[in-house]
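Look for subunit A in each of the two complexes below; its partner is subunit B in the first and subunit C in the second.
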Partner chain A sequence: MTHLSPAADGGRTSRRGAAARHGRIRSLTGVLFVSPYVLFVLAVFAVPLVYTVWISVHRFYFTAPGTHADSPWVGLSNYRDVFTDPVVGRAFVNIVVFLVINVPLTVILSLVLASALNAKIRFRSFFRAAYYLPYITASVALVAVWQFLFGTDGFVNHALGPLAPDPSWLVNAHLAMPMIAFFVTWKQLGFFVMLYLAALQNVGKELYEAAAVDGAGRIRQFFSVTVPGVRPATTLVVIYAIITGANLFSEPYLLTGGGGPDHASVSPVLLMYQKGIEQGHPDFAAALGVVLVCFVLLISLAARKLTERGT
Partner chain B sequence: MSVSTPAAPNGTPGHTVDEPRSARRRTPWATAVTYLLLALGAVVFLFPFLYMVVGSLRKTTTGDLSSAVPRGITGSNYTAVNGAISLGRSLLNSGVVTIGVLLCTLVFGLLAGYALAQLHFRGRGTVFATLLLVQMVPFQLLTLPLYVLVVRDYGLGDSYLGMILPFAVNSTAVFLFRQFFLQMPRSLFEAARLDGASELRILVQVALPMARPAVLTAMLLTFIGPWNEFLWPFLVTKDTAMQPLAVSLASFLSNLQGTVSNPTGALLAGACVLAAPAVALFLLFQRHFTSTDIDSGVKG
Partner chain C sequence: MLRRTAYTLLVLAVAGAATACGRAAPDAEMAASSRGPITVWLSNNAQEVAWGKKMIAAWNRLHPDQHVTAQQIPAGKTSEEAISASIVAGSTACLVFNTSPASVPTFQKQNGLVPLSDFPDGDSYITARGGALTDQYRSPDGKFYQLPWKSNPVMILYNKKIFAKAGLDPEHPRLATYDEFLDTARTLVHSGAAKAAIWPAPSSEFFQSWFDFYPAFAAESGGRQLVENGTPRFDSPAGRKAAAFWRTLYAEKLAPQESYPGDALNDGKAAMATVGPWAVAAYQDSVDIGVVPVPTSGGTPPQDTYSFSDEKSVAMFSACRNRATAWDLLKFAASEQQDEAFLDVTGQMPLRENLLASYPDFFAEHPLYKPFARQAEHIVEVPNVPGSIDIWQAFRDAWTKSVVFGEEPTGTALRKASDRIGKLLDEYGDPA
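Moving on, here comes the complex of A and B:
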């Protein structure tokens, strides 16, 4: 710090004046420091959010950069199209299918694995790394492997022999969406294992001791002490699952070949892409986006009520 | 969950974190079940990775049971996928986008995080509330209007800027930095201020050296985002010379496989190349990548 402060020139300015000036400078600096962030939030979140709503109530066409096309007001007709489209209904049902499979599976498996990791064990860092690997790996790479493992002539079907489903996993209308749910559960499980592991550190050992004194066995302790103790983590799992379910894109696009078979594994975001960008109806896609946001908000609120009940 | 929960140490002998479990006596049976569960989990998680590597090295990649065994090792699948999607160029694109996002996240994130933690200014509360709110909005929901704005209105299709823009500011990173700067002693900053250092200088010379763990965590968390991202770069790039690896590999997956003799092997080779940098970084920095960081990163 070789530079002198402006007030160091022999007390000509009063101490209070200097302090006030410093305060102003710091306040200005603060505004300056956050302004890039705020500008980006406006550009990347606020403007697009308002723009979606605007597009959704107009007839909107894609134009080349620099050219202009009229976008007449059409009221709620895009929303009517969204609500009368059977594929849209299927996409929202698929979110529910996803949640029904993903949430319980994630909660149970990650809690069990986290409890096992929390015990006194060897090779803990190896196990942690193993569980975490799918989470940090690109979906595209993992989808490639899964597609091959669960293909008609794939490893899993060879292992199952006559028990292999026909049509195979990813091209079976009943199995395609559950397969996506299993894939996502597998990919993200490591993250939730770590989350529960952190949550387990907060469960007081005196609770276990008290339970043991009361004669509770290991299983009983798990359900009466561990499960309630990690409830905040469970709430997070549910909220994450809802957000993930609402955002599914690469999995139905790549793993089941564009939401197939016959829209059985279509997702709202995939539909937004297909209708909005592939088929050139951005107004329909925008309305679908708004409906999706409302759906996510509603279901999150409901989930919150449900998981936080009795705490 | 509090931000300060210590992660379980990696098998440090005699550490107190393990005390509660040793208080409950463990039968040999319970230990066996624990190891069995953990090992089973490890197999389920690791097998697809093993399969990916083995499949990428085999001359003919089939689906039968012997396909998990490395036999007839060859590098030809890597050559094949390189011929179909030019791996080098794709990796370069992925690298440029990822580094761009990392730089923006660090510069803007540190500035905003520092201001939110240590400076008083009008609207600070509002900015912080926005920060929390923004983390709740999933990015994919804004994809369509962003596509219209970035590609159609600004004409940023097929450009690095267009791919970086939506990820340039990372609210989670801002939050992480704020939490970290908040824990630092105020007296330190006051002393630097009395010495007449500017706020920028305090940030760079005083706060930043102490914030290294937070910076490392933010970099690791940020890296996997743009490196693995598929949807946005997929929308923005039509020109194959501009596509990051995740996008070019996906197009190979969906419609280019007919161009090579062992398509599955080539696909798995591409998958290995895409996965390798993230996995390598993770294994290198595993110690730093603890549950605590994720916990606070996620807490939002």
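Moving on, here comes the complex of A and C:
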């Protein structure tokens, strides 16, 4: 049996105490560093989300400070209004149309372009900047360009002559939403190309060499090496494209004049703005917002399952 | 030490957030008789800002103890959104010199407005200044929450050079009846003189109907409002005629179905526009313009033709702590002398009776404004009813679908819109 001298025991206790103090200091330092972000998340996400859910089950409108306004509990009444409003249904159909066009197109074009820009081609830096430029340009400015291109008297209609659609692209009930989907795809392509370019740096060159030795051509290499190699990035691109797409606002508002003919390009967020801000129904807008969050979550989860299948 | 710093930061953050979120309202009774410095918001129209600065400077010279600071309305998609947000934040200026009557019911519902009728001379001052025209601006509870300040009565402005190019008489254009207007429009477009006869925004924003349907309906109906006595009035022979008239313009491509990305009249793309007197100053250096009243099916004499007012009011907001000063300033700004200065600088019509007789020198010097002054005597306002914006949006949705794009007969669309708006009025009348 070993006996520790009091001095030795005291030394171990003191070392243990010092370690504990050090741990506490480290832990406090960690708290200090994360606290601004925690406060930020609480202030701009968690609290507003909880408040939104609360508003959605009450009859509510915004009032001046210090004035009394009843906000009675109405249960799911606002949700019933949301689900029975035909414009809401149209907005969600529009978003589905948008996502069906935008998401696959974004994934395909950005991966193909990233692969091309990853190869040693002339003017590579120029092309990288050229694809990124629309992403960092304000939507308002780009919308003007698209109106010039696709307006009734626009460049495209002049080129098409008698084949130009009537009504024209941006005011055509059948073409307005696809046009917005193409516009957003083009505008955001630079960002997704950049994501794929970063992902491509992690695909080992030896894989391409091995594939080449096995007789795989460029296209075979693309499908057998590049596509599986950037799968985590594809999941990110798909989910990010779904989230930003479902939150579409500026483009239908600016490009098609407040939702297009007969709500042909109205989006749920544009509708939330119209109902909540313009028409003073924040309770309806809050319920619609909660439905939209659930919709995006479900689609994002499904997309994740789909893109990660087989990994 | 670190723990203390962490706690201090946390307390500061919470205190900061609490201060930012803290919203204190002034005591209404005390504020009503209180005097002192105030802030007012002006529209961001350059001429109005120029007038406002001079007016405030004159006030400040006379009342150094009640200093007024003027700012332009904070930027937003529309002024109304910026004002609505500031009501909730409790940061509205005392007076806003550009309050849309369509938004007054919303601001009222937000408890954001001070009833001007509660000032001892409130009602008498407003009615003495505006006469019978002010009746349309009373809220359903019988009080004034706005001072009807200035109107921009909508008329047809036309480009004389384009009319001449199309072989039409620019001094005596045939635009009084629907048939004349349509014939003239056809000549303008088919001759190639202009791409469009007229080019109002065909888009879906709720307020766009104020510049196509509403002036036409006001003229055709002899001065009816969209909603009167809690009932929609546009599903009527007058409403159907006005809608059919505009449908013909769109169907024959005399009016484009797409918004023009700029100013179509100024750019020579459209031969006509539905605008108020503000446009005279804007166009007179670039376009040789003429002015006529809005057409009707039978050709109403100009002196009997009604139109939409496009009026803007001055409203006092509940965040104001020195309301006695604000009320005095409001009367100072809307005085006969300041109205003359306002008319002179902006060309917009102060909402007073007998403008031509009140300011003869101005109209002698600027004859192009005379038709607008006459029109200002026959104006129709948007209905002052709860749910005003909802109602206009419902109407606009029906309009774009049927009149602009022809996806539904105009009569059917008006009937459906009338039913929908009737339900909205019922809901607002009985929110429970």
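As a convention for this text, the second predicted complex is superposed on the first by the 270 of 311 C-alpha atoms of A that agree within 3 Å, B and C clash if a C-alpha of one lies under 4 Å from a C-alpha of the other, contacts with A are read in each partner's own complex, and residues count from 1 in each chain.
As a convention for this text, a residue touches a chain if its C-beta (ideal position, glycine included) is under 8 Å from a C-beta of that chain, and two chains touch if they have at least 3 such contacts.
Please read these numbers as outputs of a predicted model, since none were measured by experiment.
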Overlay on subunit A: subunit C relative to subunit B, clash or fit: clash
Subunit B versus subunit C as contact partner of A:119, first or second or both or neither: first
Touched partner set for A:157, first subunit B, second subunit C, both or neither: first
Contacts of A:20 with subunit B and subunit C, given as first, second, both or neither: neither
Which of subunit B and subunit C A:210 touches, first, second, both or neither: neither
Subunit A residues touched - subunit C or subunit B, whichever exceeds: B
Partner chain(s) touched by A:298 [first = subunit B, second = subunit C, both, neither]: neither
Touching partner for A:144 - first (subunit B), second (subunit C), both, neither: both
Contacts of A:63 with subunit B and subunit C, given as first, second, both or neither: both
Which superposed partner A:93 touches (first subunit B, second subunit C, both, neither): neither
Touching partner for A:108 - first (subunit B), second (subunit C), both, neither: neither
Selected from 4-12, 58-66, 76-84 or 166-174: the stretch of subunit C that, after superposition, runs into subunit B: 76-84
Intersection of the subunit A residues that touch subunit B with those that touch subunit C: 28-29, 31, 43, 62-66, 144, 147-148, 151, 153, 257, 277
In the complex, subunit A residues that touch subunit B: 1, 3-6, 8, 22-23, 26-31, 33-34, 36-38, 40-41, 43-45, 47-49, 51-52, 55, 62-66, 109, 112-113, 116-134, 136-149, 151, 153-155, 157-159, 186, 189-191, 194-195, 197-199, 201-202, 205, 208-209, 212, 218, 221, 232-233, 236, 243, 246-247, 249-250, 253-254, 257, 269, 272-273, 276-277, 282, 285-286, 289, 292-293, 296
Complex contact set, residues of subunit C against subunit A: 2-3, 5-6, 9-10, 13, 17, 23-25, 81, 84, 87-90, 106, 109-112, 195, 201-206, 256-259, 261, 317-319, 387, 389-390, 393, 397, 400-401, 404-405, 407, 431
Subunit C-touching residues of subunit A, taken from the complex the two chains share: 25, 28-29, 31-32, 35, 39, 43, 59, 61-67, 69, 87, 144, 147-148, 151-153, 167-168, 170-171, 173, 256-263, 274, 277-281
Interfacial residue positions of subunit B with respect to subunit A in the complex: 1-2, 5-8, 10-11, 17-24, 26, 30-31, 34-35, 37-38, 41-42, 44-46, 48-49, 51-52, 55, 61-65, 67-68, 107-109, 111-112, 114-116, 119-124, 127, 130, 134, 137-149, 152-155, 165-166, 168-169, 171, 174, 192-201, 224, 227-228, 230-231, 235, 246, 249-250, 253-254, 264, 267-268, 270-272, 274-275, 278-279, 282-283, 286, 289-292, 294-295, 298
